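One chain, subunit A, links the two complexes that follow: it is found with subunit B in the first and with subunit C in the second.
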Partner chain A sequence: MSETQLLVGPFNRVEGDLEIRLDVADGRVSSAYVNSPLFRGFERMLLGKGPRDALTITPRICGICSISQSAAAARALADAAGVMPPPDGARVAALLHAVENVSDHLVHFNLFFMPDFARLGYQGRAWHDQVVRRFTALEGSALRQATEARAQLLHIVGMLGGKWPHTLAIQPGGVTRAPTARDKVRIGASLRAFRRYLEDTVFGAGVEEFAALSSEEAFLNWDRGDAGLFTTVARDLGLADYGCGQGRYLSFGAYPTNDGPVFASGQWDNGVLSPLDLSGMVEDHSHAWVLGEGAHPERGETLPDEDMREHAYSWCKAPRLNGQVFETGALARQVVVGHPLARDLARRGGVVGRVGGRLLELALTQIEMERLLADIHPEARFMDRVELPREGEGVGLVEAARGALGHWIRIEGGVISSYQIVAPTTWNFSPRDAGGVAGPVEAALVGAAVQKGEDTPLSVQHIVRSFDPCMVCTVH
Partner chain B sequence: MSQIETFYDVMRRQGITRRSFMKYCSLTAAALGLSPSFVPKIAHAMETKPRTPVIWVHGLECTCCSESFIRSAHPLAKDVVLSMISLDYDDTLMAAAGHAAEAAFEETIEKYKGNYILAVEGNPPLNEDGMFCITGGKPFVEKLRHAAKDAKAIISWGACASYGCVQAAKPNPTQATPVHKVITDKPIIKVPGCPPIAEVMTGVITYMLTFDRLPELDRQGRPAMFYSQRIHDKCYRRPHFDAGQFVEAWDDENARKGYCLYKMGCKGPTTYNACSTVRWNEGVSFPIQSGHGCIGCSEDGFWDQGSFYDRVTDLTQFGVEKNADEVGLAAAGVVGAGVAAHAAVSALKAAQKKTQSAPSKEEA
Partner chain C sequence: MNILWLQSAGCGGCTMSLLCAEDPNVMDLLDGAGLSFLWHPSLSEMTGAPVRRMLEAIEAGEQELDILCIEGSIVRGPNGTGRYHILAGTGRSMLDWVRSLSVKAKYVVAVGTCATYGGVPSAGENPSDAIGVQYDGAHRGGALPAEFLSTGGMPVINVAGCPTHPDWVTDTLLLLAAGEMTPEALDGYGRPRFYADHLVHHACPKNEFYEYKASATNLSEMGCMMEHLGCVGTQAVGDCNIRTWNGEGSCTRAGYPCINCTAPEFEEPGHGFTETPKFAGIPVGLPSDMPKAWFMTLASLSKAATPHRIGVNATADRISVPPTLRKPKS
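What follows is the complex of A and B.
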């Protein structure tokens, strides 16, 4: 029996900073401790500011999911004012948000996740040469194609939102830009170009054909496009058993429209789906450098523990729902929606499940974006006037690419008196709670193989990146 | 390493044709405001000069600068990022991780001692000995000082590195501090904006490669070629400002007509940046074009100037030059008293020199 400790990090090719402490016994990870080493204090800066300033400040938590933050802030303000944007305004906001989420999935697959398989450690595998050509960090041909396809897709955000990152167009009352018929045509062209990229490069087949996959087995046997290259690697390395999940998934519901969200909200506990109910949600502070008792985000506070007390090990709080750990993200969303492939992938819910969930969602979202665009009427209203209350509370729940994102705001005397943000990676990369129960990624790492001499084990990298962490959002 | 390859070598290796290379040179010349006679000069420099090594580090930030950068318009400009200038070390995009990454960092510093450009995204938090941002077991501020010591020059990307940006907003919980307050003995170019425009970023780098010197900087240390004009000066909605035609509420008819957003809090009249000319996301649009006012994200302190939706009366920054004031005043005088108050406000410099109270009272 050999026992060692490894400190893994900085990770790179993740958004923000991340450090993980691993206990290793007999060539396997026996326990993992995730530290988010970056704290900026956004929730504290918002106090005393005008409520609308949240629309500008919160997106700057993160340069890759800024629209998600701005959508959540806008929903929280709209909720406080008791309004809904007009239907066409909601659809434009949904389209903006969908474009960003799709872009994030694309970047994750091409720039963050796949390059690990081009490492020397895999030399000699049948697929290695091809992966090196396609996915070597900074140089692979797939990386270039993906960056270019994404830049083109983001023209849509340019047109509707003025600029990306840090788009300003989404407001509580709708969106600032009323698209013209001409914009609609141009957006349609961008969407068609993106469909062509997905079909030629990512799936090697029609988007609908990929979206119709209904089992893990069928997915793992998909042999076309870059998705096929991934499944080849996954079959060879047995990635489906890497980093398995715990079967509990959470979705706040993606892209709210006046007919309900495009992807439904809900919570899934090992085969049982129930409606989303956050009344039992608590952010636990026991292992975080945060002072005070854990609380529901409506009543929560963020007071950093500047002494960084001994038994805590992260700036990240530990959100729990009814005392339990939940995983969130593309796989979680599609499990809640009820897609057969997602439900089947969730049985193991490991690296293949998470990456497969994202690829599935690329296909599904393409179809939804086309539908949203078709339903936008240039002559309709896109913005209503909104009077914000001087006293009030609101909550904005959205789905970022990485999963469930919530903003909880309290307004007193016309200024923000409390603002709490719980990001997707806060759920997934949470530290232990008061009961000592590990967060989703900490649990998923247990059992990961550590080869002799590895100081940054490859298996750990695949598992961690399969969650697509966004560390700047985690603690904010 | 004795022989570092040239940019042109790197580009040819990437399969870029001579023709697109020349096209890139002319686009760059245009972006930098240089005459066509400079095109061969740029080409020559690229063909003969060894590529400049770049170390790109991230402190307290959100990676929006990198995100902007990898989206620049011309495919070649993207190659500036992905290969051409060679990001010898980049936290977000590189292959290595963990100790290997730390080793690569040290190796790059050693190899290009005195010759590399240090690109900084984000800033160091100084509170509590820098513990709010720890990378590789050390506070980021130490990594920054270490990398800066042997750098030829430093580029402060974005509002974070240049000025502090939102994480420095009151009460600045982590004491986030801009780079120039920590590193005082190196030439620093500030490229502010949240994020800066991609073409501005590649333009600055190309200029430095081509002419082997820093671009001309203004008093605040920003490259003059991109930051010498206000957004207002070249705004396509400017005629509506001059004609006194304003959006009064988000949902009014004037919003749909594309009138001036000044009354909705647009900071275009006090913001120096190239948004209204270069535009965003490959020249597609910019915030004002999407119907939302400018928030002045390339100006120092934009995050603590009161509400983003207040008119510029509250801004206590340097003012606007005389010509524009006169135009604004004249236009406002014609359309009536309400707007006159507001034009008086637009004459920021004058208004600020006198008392703030008069215009802001009318404003309320």
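What follows is the complex of A and C.
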């Protein structure tokens, strides 16, 4: 039995900083330790500030999930004030948020995930030449098309939100710009152009046809568009068995409207769906460079351990729900919604499951964006005045592209006295907890193949990137 | 020219914004100007050990480096060690890497207000002790000394903005590639003058409201946001309303104030971002280059002369009174 250790970093084509330590035995990863090596301390920056400043500061946690942070902050403030935005304001906020999530899925598939299959290591595979043409990093034709389609889709955020990232348009009382009938038809044109791109390039078929897939087998046999190129690669390499999950999924519910979220909230534990209940949630500090006892985010604190104590190995806390590890993201969302393809993919929940979940959601969200737009009434109110309480608490739960994002705020004497943020990748890339239980990606990496001579194993890269980690959100 | 891009303590949003470059897309744009990435953390194929070897080769002088782009602020904490940000896989702080690689680069470009002046990570108690590459807020001297010049004879080029407009970054890189970037092309805070010689106020669609001090009282109202809602577009540098963002956007076009994100220390305005500080009921802060007495006189005069249309529209969320139509004389 040969045992070695590998240190993988800088781990690129993920958002932010990531380092992974691997124990390797007999050509397989025997254990993995995930380090989020950057601490900025956003939760501490907010202390003592006026609550509305959270709307300016928290989006700047992350330049890829900026609207998600913004939406969570606005919801937390609205919750503290006991208000809901007017229905049309909520729909515009939902549309802005959906555009960001779709853009993120697109960047992940084309710029972050697929370029690994263009590597020299896969030369000679039947699909390699085509993948090289389409997905070589910084050069492939698919990357150029995706970048252009995304830039045009983000015109919707330019119009309604002023710019992307870091808009201030989403407020607890609604949104800052009332779209006109002319704006609405322009947005419709942008959405139609994006549908055309998805259908011509990503799916090679109508989004409805792709969204109607109902089994892993049918998905793996999809042979059109860039999605079909991925499934060709996936079948050949057996990616469905790479990085399998543990069958526990969490969703806070995506795109809250006044009729409820567009994609429902809930928690899923190996076949059993239950309503979302965060009362048993704790952020564990045992292996994080964070001082003090772990707590529910309503009572949590973030005091960095300046000494970076020996047995801890990340700035990321370890969130657990009822003591258990949960995975979050597009697959989790659609499992909770009950989509048959997602439920089937979740049985293995590996690389194919996560990437398939994201492709499925690209199709589903296109349909939902069109529906949201159709329901926006230009003559309606989009913003109400909101008085924030001098004393109060609020929680904002949303779904970023990468999954469940929560903001917990406490206001005392008119200023922020506590602000705790738990981001999707905090769940997915958490370190071990006090019981020594590994976080989702740490567990998914166990068993990954390491070829002779590899210092940055390809299988590890596929598995890690299949989660689409956002490391800047993770620690914040 | 080659580019090494490092992401220090930031949000990655300037890279994400860069991908919004259009006509042509960012890859064709840079490629067409003879610019290529030696490595970019979000975009390049290379990961892990080969990246470490490349960084070491630059340090050893075996690999030439034309442009070093740094995105994100540089953290010095805890206690000056920089260990709140270890560059993954290297065991060394980003602070250390930035100092070591900057002296090898022909040009150093700080991308975004984090990298230029410290930016948002230095807000509040500045938990990570964040600074900029060559500035600490408005004070010259950051991770690199005040007098630092790269081997190309330039100080750090500060493409400030939170986030940066994609064109601010690409135009800076294209000017470098064309040999057209000189110390004189930068303003007093090291920002490229091609965008920093403009004010956000220029081409703001709320200009007519500004002329009469017809003010919005709540976000989403159409009036000028200077008097009540914290807008500093008349002082902030940037061509945001001339160039526009993501198609036809800008902050003020979307109904929220300019918060001066291209400036040092914008993250700590000393008041709420969306409220205007006032002294005896009068807003504090004057438009750039405007003598105070004249401003006060003109403001009170124009306010008294506000046309009905402008007064009504100022507090509406859409145009409620259209301009009066004039018939041609003939």
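We adopt the following convention: the second predicted complex is superposed on the first by the 476 of 476 C-alpha atoms of A that agree within 3 Å, B and C clash if a C-alpha of one lies under 4 Å from a C-alpha of the other, contacts with A are read in each partner's own complex, and residues count from 1 in each chain.
As a working rule, contacts are C-beta pairs under 8 Å (C-beta built on N, C-alpha and C of every residue); 3 or more make two chains touch, one makes a residue touch a chain.
Predicted model, so just to flag it, every value in this text is computed and none were measured.
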Clash-or-fit label for the pair subunit B, subunit C on subunit A: clash
Which of subunit B and subunit C A:Ile61 touches, first, second, both or neither: both
Partner chain(s) touched by A:Asn322 [first = subunit B, second = subunit C, both, neither]: neither
Touched partner set for A:Arg40, first subunit B, second subunit C, both or neither: both
Doubly contacted residues of subunit A, that is, touched by subunit B and again by subunit C: 7-13, 15-17, 19, 37-41, 44-45, 49-50, 52-53, 55-57, 60-64, 66, 111, 115, 118-119, 136-139, 143-144, 147-148, 150-151, 154-155, 157-169, 171, 173-178, 304, 306, 308, 315, 381, 383, 385, 455-456, 461, 472
Complex contact set, residues of subunit C against subunit A: 7, 9-17, 19-22, 25-28, 37, 39-52, 75, 77-79, 83-90, 120-121, 123-128, 130, 162-163, 218-220, 240, 244-257, 259, 261, 267, 272-274, 317-318
For the subunit B and subunit A complex, residues of the former touching the latter: 58, 60-68, 70-71, 75, 78, 82-83, 87, 90-102, 125, 127-128, 131-137, 165-167, 169-174, 176, 194-195, 249-251, 255-256, 275, 279-282, 284-292, 295, 297, 303, 306-309
Subunit C-facing residues of subunit A, complex: 7-13, 15-19, 35, 37-41, 44-50, 52-53, 55-57, 60-64, 66, 107, 111-112, 115-116, 118-119, 136-139, 143-144, 147-148, 150-152, 154-155, 157-169, 171, 173-178, 180, 304, 306, 308, 315, 381-383, 385, 455-456, 461, 472
Complex contacts: residues of subunit A adjacent to subunit B: 7-13, 15-17, 19, 37-42, 44-45, 49-50, 52-53, 55-57, 60-64, 66, 111, 115, 118-119, 136-139, 143-144, 147-148, 150-151, 154-155, 157-169, 171, 173-178, 304, 306, 308, 315, 381, 383-385, 455-456, 461, 472
